[in-house]
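Shared between the two complexes below is subunit A, which has subunit B as its partner in the first and subunit C in the second.
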Partner chain A sequence: MALPASTARRPRYGGTLRVEIAAALNSLDPAVAAPNPEISSAKDQFVELIGSARADRSSPTSASASPFRITAWEPAKHATLVANDESAGGHPFVDSIEIQMGRSAKDRLLDLELSKTDLAEIPAEEARRAAERGVRLSTSQPDELIALVFVSARPLAEDSRAREALAQAIDRASIANFILQKEGEPAGGLLPQWSSGTAFLFSTVADPGRAKEQWSRIAGSPKILLGYDAGDALEQAVAERIAVNAREAGISMSTIATPGSSPVPAKADAKLVRLRMSSSHPRIALTSFLAALDPVAGIDASPLPDSASPGQMFEREQAIVSSRWVVPLVWLPQVYGLGRRVRDWKAPGPGESWPLADVWLDDMGTTAGGAK
Partner chain B sequence: MTFRIKLFIVFTFALLLSVGLVAVGVTAVTRRAFDQLNHQYSDAAVAQFSREFARRELDVTHLVQGIADAESTVRMAIDLSRPQSDVSIYVNDAHGVAQSHQLDFLDFVSSDGSIVSSAEWAARFGYKMVWVTQPVDWPSRGSFLMKVDTPNGPELGVIAVSTVRVGDKNLYVVGGQRLGKEFLASLVLPTGMRALLYQNLTPDFQSHILLDQSGPVAQADRFAPFIERAKQQSSQQRFEIFWTGNPASAEEFHALSLMGRQGDLLGVILVGSSQYEVVTLTRRIRLLALGVVGVGVCLGILLSWWGAAGVTRPVLQLAEGARRVSAGDWETRVDVKGRNEIGELARTFNHMTEQLNEQRERLVQAERVAAWREIARRLAHELKNPLFPLQTTVENLQRAKERNPEQFEEVFRESTGILLSEIDTLEKIVGRFSDFAKMPQPELGPVKLNDVVRSVLKLFEAQFSAVGRPPITPEMHLDDELPTIQADLTLLHRAIENLVLNAMDAMPAGGVVMLRTTHDACEVHLEISDTGQGLTPEECERLFTPYYTTKQHGTGLGLAIVQSVVSDHGGRISVESESGVGTSFHIALPIARPQPPPTEVPAMAEAERI
Partner chain C sequence: MRLSRRIIPRFLLFFFSSAAALLAQSPVSLPAASSGAWSAEVRVFAEKIFVVLGVARSVSLRFGNRSALDATDSGAAQQELQTELARRGLQIVGSSSAEATLEVTLSEGVEGYLWVAEIHGRAGDQIVIATAHGPQGIPVSSKSVPAFHDTLLLEQPEPILDFAQSAGSDGAQFLVLLEQDRLTLLQRDGITWTRRDSAVIRHLYPWPRDLRGRVTVPGTNSFRIFLPGVSCTGSWSTTLTMECREDAEVAWPLGQEGEFPFASNRNYFGGPGSVRSRLSFEWPISYSIASIPVDGAVRWIITKPDGNAQLFEGGKGAVATFSGWGDDIVSIATGCGAERHVLAPGTGDWTQLDHIQAYEIADQQGPAVGQPLDFRGPILALWPSDDGKSARAVSRNLQTGMYEASIVSVSCGD
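The block that comes next holds the complex of A and B.
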């Protein structure tokens, strides 16, 4: 939700920024931090924030690039960061940040409505409902891909007709429009249109007739088992919709919830994955995708050379997509809910950190701020 | 088998039959009563299910109508009636509404039949639910049973449809509640009864969709044939399942078909009632009946024995009295007790013995008189013959003395000779009477009857072929296995001599005298037969009477002596005769030592004493 530029005011210092996130870190060490099962798209940024703040905890007076340092830490629940006057950028606008970890999407949205928090991440599929309830939203470019990945070495997954049949059966538009409430967009390729510029070349239209034809060529009565992250409600909804699409196309299919920590489900022929772009640069993003998919799908995961041209990247992308080992479904943006007094927050793009040092709090809470 | 045993058996059998019939009758009546009670329980449970089902249908209808009437639903209908309306914003609405209205199934369906939102299968948005768009007056249709598709497969539900009409477009609200174990749990059934629900979701019987209130039913395969039968016949069915070999494990089921909107069979309700209580109670009653029967039988046996003894005791006393009478105890009397038939019989018996005794006394007196007369007649006859010569000789002597004294000596010598001869005859007559009167008691010893027979025949050999006499041919048919008997050899020899002599006298023109010996387990038998002219029946009757004879010069004592000897040996003698064919005497003598003869004083002994 964009606010009119005429409402911009001069930044002010002071105040405590209250943040609620889904992730719940058990340790200050990002290497051993165990987030809660709920998927948090902001987890990476939070880990990065905590990591930078932790470096100043032992010597609070030492100069550091981090604008904040940790002063209180309650594993998986709460963290307090205070402004680091020794930061290279000087004293940030807010004096401190109170971070509540492990908050559910429902609680975060409610706290935003009740002004109990200033900044909270919002699931993309809830963005529309949140906006209807008057919550200010800050939405990034679509940078998270939900894709269906066939698990290599599974007999059914190795059958290209089965992969093709299922890929043709999926109605991406309904997933984007209904499940994501139009906050996402159908994905045909591995990179978004805004990044690669070639996404429009990949079809996102379902073809149930072709799906039936391909499936009918498979002997016997196979059944595709689709796995999804047990803690991810969005993945579950998408998986069930895919099951309905497959059923209508005559494909026998069922879904199974698997632990989120399991990269390769034990029984599933395919699984849903979420891939967040590590960079807005297409080559870097594609390379990171390939690295993430390598343990699961039977694809060529070799990294792209630095000198790879857009054409080469498209060919690699097209080869993977046409093999149907990876079936891109939808692109999701990162959505943040903002309190009324939060100013100058901008949803970070791929590879970017939270711009907490730039955020300031308007004491005229009823006055609209300048978010996105 | 004695009369008492027979009577006892009859009494006992009648008692057992009566008690058995009563026991069977009680058991049958009890069983029928329990069956009726059981059927009433089943019927009540089925009725309760029907009421609960109807109530559930009404609830669902009201709930769905309430959702359709809600403002949010009306707004949805208005929004969806607009061109290019965005249905995506309603995709998750059904879930919350269904939860708030306690519905398991809820679908918002647009005018073209597309699912806007589905509570039971959220991912089905956009797909068609065509049947709901058919021209049906859904509000008046009420609820109905329906197979509902869910992510977990088809389920059975009580469904109602309501419509929200905006302009020319309808928003269909399709809601319902699951018909499953929760519904079964809501039924309040008596102890020992349970309700099962088979959801007819697949063509073939599936054991896992036969539910009770706790989930899938154990040993569901046992129901397969009955479910199949219920599927083929929509009428109510009753059947029984024995879970083990124990009849108490039986469970009777009442199958009720559940029809869908289009008359298709969607489910079968099975109301089962355990037969444990019935069987246990029946067993207890049966055991009690058996106990009563046992006690009754024991008591009945005792009473039967007592009754039989009461009936037979006087009869036995009568029998004992009759036996004593037959043994010669004419003074026997039976105790008379009671005024019933047995008492009357006893009194009659006593009266009869008194009468018999009196008649016997009179008969003895008559026989004694007759015997005296016969003796007197025979004695007169015997004595008359020698007396006449004596008289004439004495008269000759008197005449010779008076008229011819010179010849008197010669006449005297001749007359004395005659007198002595006749006196001798008189002595012989008196001697024979004396011998008969002094018949000795037999001195028993081992005797072989065959040897006696041979000895007698050897004695008569010369007479059989005497010159001037028609020949008599003796025949012997002797039993080689004839046992030795206890007898007086002399007396027996004499008796057989008499019979052979009698046979010879009966055949003046010659003939055959045959002697045959045989034996059985108790007696030896001797038959002596001739081929004479035979005897008349009257002669046969009087043949053994002393001094009775059919011969011109017989004494009439021969056969009387034979009868006396046989009687003294504990035997018996009989005669058979046929005129013109011959006569046969049959003697039977006991093999064992004979009983002493009765102490009755024979008439002849008394006659001798006289």
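The block that comes next holds the complex of A and C.
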């Protein structure tokens, strides 16, 4: 992440941080929030965003007050936060935060280029283009898995030869290289290498010959119907690429857009899912993935014991992957675009909130911010 | 798919549940084991491999490294494993004459290192996974920049604000460690520091973000600490005692030339409300202050919020501005060239690697001298030692996440 040539080291106080996010939060009250089914709990998302529970620098002499207070709230559009002097971690470096909600990816990128915002989410597939346009990027470890999940109780999905054939037909490298513009990496297992240390044991290489062989054993002329989230352009692109791979292997397949809120699509034999790790810890992440996949696929979703060893976690992962009920495709990082004056931003890891209280603005020549 | 054809999950289940029992039954008499950095984990891992190999006694071995360890450390691990396998009577041979193929990978996840063995033999393809805690006792490499001397005293996961060394009257070596809410006294015990006592620092108001602090050791077995709005004095003999008081205008000592007011809710010296100016003008906001005595007078260098350092001399105000220095600077006696040098970290924020560079102040110029001393993460604090001959650096190793306390000194190098 390149910084401007002229910069400082120790944090400066003061200024307003301008943030743009994709989500359009309607209310902080979960009971009335989110007619948009994508947002299960607006409050959860917002708390995640502003980081109310930063553990570092907590002081025993004060309550664990949030570093920011919400002072203005315009549903789905705009929010203003101001620094809280009583925060357990001390006054945040910035005095306030202005958050624009529901901004499209195109608008967010444009605003970064024009210095109209300081921090914005960038879709991983847009990261390369953003970098080419001179936007500073901050990228997390790959922590979001795109996977194909077969829907249990569907006749074709219950046929292990069909699952095996499609799994072997998919060219993950082309998804990572072309659709994600090399901002993702092929996934063979349910956990990334940086977390489990065992992902390299899973192959990510396609085998069209084996795919053809498996498919040829299925009687009749079945057709796999692959569902994807109707509101997710990336899922649509991945689904269409898989359909191309399938046809190349002689597999009959078509794609169908489904409502994002539907865990089990009405018609599809399989669907694409995006799974975000809830923790860096492999056991916790794997357990949450299994819980999320359980309603769709016919897998063993029982939680792993706290004492699960790396070998036991690998064994569970392997059992699911080799069953082909779940076909891991690619890992995505979270990508953030940063304005030139943003300092000390660290892309949050799985389950971590955005470290907005630790961010400061490097406005050379301005004051250091007022002391009491 | 490479793995799916080879792995039999049921076998793994059997292996992990029964390996310990099998190992307990093996009454093998072996030559003495070596005691390398990885020896404990290597022995366990080798035992697991042997259980899976069964009667096979010749293998071809291929080693891979997927951890962050460099070639030297991973090579040492590989050598230890090979030695351990040979000690148990396993022959490492070419693949054409091997009874089994062994692919060993030193991997790494968030919970630490992993040994992974992929074994291809008569019984099929199998996998053995064992945890590893990594190399123990690897000495901290001294950086080879000639003019710098850098000694790592301590590393720990908790943030360190400052530290000071002290020698007791009986020659005992102490380390006074200032942390966010605690002062800890450690005593040298051979090559390690042993925690002897600690005292909690109580304060009414939340600490500022980017908390800074100073500790000094003015006399034998005594200390003073300075934090934003709080100062403490204490001593130790059989026990550690400490007394603190709230003082919004507490002044911090810097070197031997003065004390300077520190903002009670920010991370800088001076600013509105400064009470004691050592110069004839309003003391400006500054992140650090370095003094250079010259012929009975004192030059001052301060680092300012605009990212520049300014030189003051003779009460005339700023006579020179230096850019490209970090915010934390110290002046230390080096005994060569200009007698004193200013040390400064690099620019950039705390997500980046850092270094310390020496600068020589002469004729209102401040050129860099010598090579920079590289650190494996940002320098979070840089304070002068009590004798003014070295600097105390606190850095955070970005690879390990550990906070490191180091003494940095400069001498006339090559």
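The rule we apply is simple: the second predicted complex is superposed on the first by the 323 of 372 C-alpha atoms of A that agree within 3 Å, B and C clash if a C-alpha of one lies under 4 Å from a C-alpha of the other, contacts with A are read in each partner's own complex, and residues count from 1 in each chain.
Here, contacts are C-beta pairs under 8 Å (C-beta built on N, C-alpha and C of every residue); 3 or more make two chains touch, one makes a residue touch a chain.
Computed from a prediction, not measured in an experiment: that's the story for all the values here.
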Q) Given the touch rule stated above, what does A:Ala237 touch, subunit B (first), subunit C (second), both, or neither? A) first
Q.
According to the stated criteria, A:Gly209 is in contact with first (subunit B), second (subunit C), both, or neither; which is it?
A. neither
Q | subunit C versus subunit B, contacts on subunit A by residue | A | C
Q) Which partner does A:Ser174 reach: the first (subunit B), the second (subunit C), both, or neither? A) first
(Q) Looking at A:Asp358 after the superposition, I want to know if it touches subunit B, subunit C, both of them or none. Which is it: first, second, both, neither? (A) second
Q: Using the touch definition from the top, say if A:Phe200 reaches subunit B (first), subunit C (second), both or neither.
A: second
Q: Using the superposition on chain A described above, determine whether A:Arg343 touches subunit B (first), subunit C (second), both, or neither.
A: second
Q.
List the residues on subunit A that touch subunit C in their complex, please.
A. 1, 3, 6-13, 56-57, 59-62, 85-93, 167-168, 188, 193-198, 200-203, 205, 207, 280-282, 309-312, 314-315, 318-319, 321-322, 343-346, 357-358, 362, 364-372
**Q.** subunit A residues within the subunit B interface of the complex
**A.** 128, 171, 174, 177-179, 181-182, 237, 240-241, 243-244, 248, 255
**Q.** Interfacial residue positions of subunit C with respect to subunit A in the complex
**A.** 1-4, 7, 9, 12-13, 16, 66, 105, 107-111, 113-114, 116, 118, 127-131, 159, 180-181, 202-211, 248, 263-268, 271-273, 285, 287, 305-307, 323, 326-328, 345-352, 354, 378-379
Q | Interfacial residue positions of subunit B with respect to subunit A in the complex | A | 87-89, 91, 121-127, 151
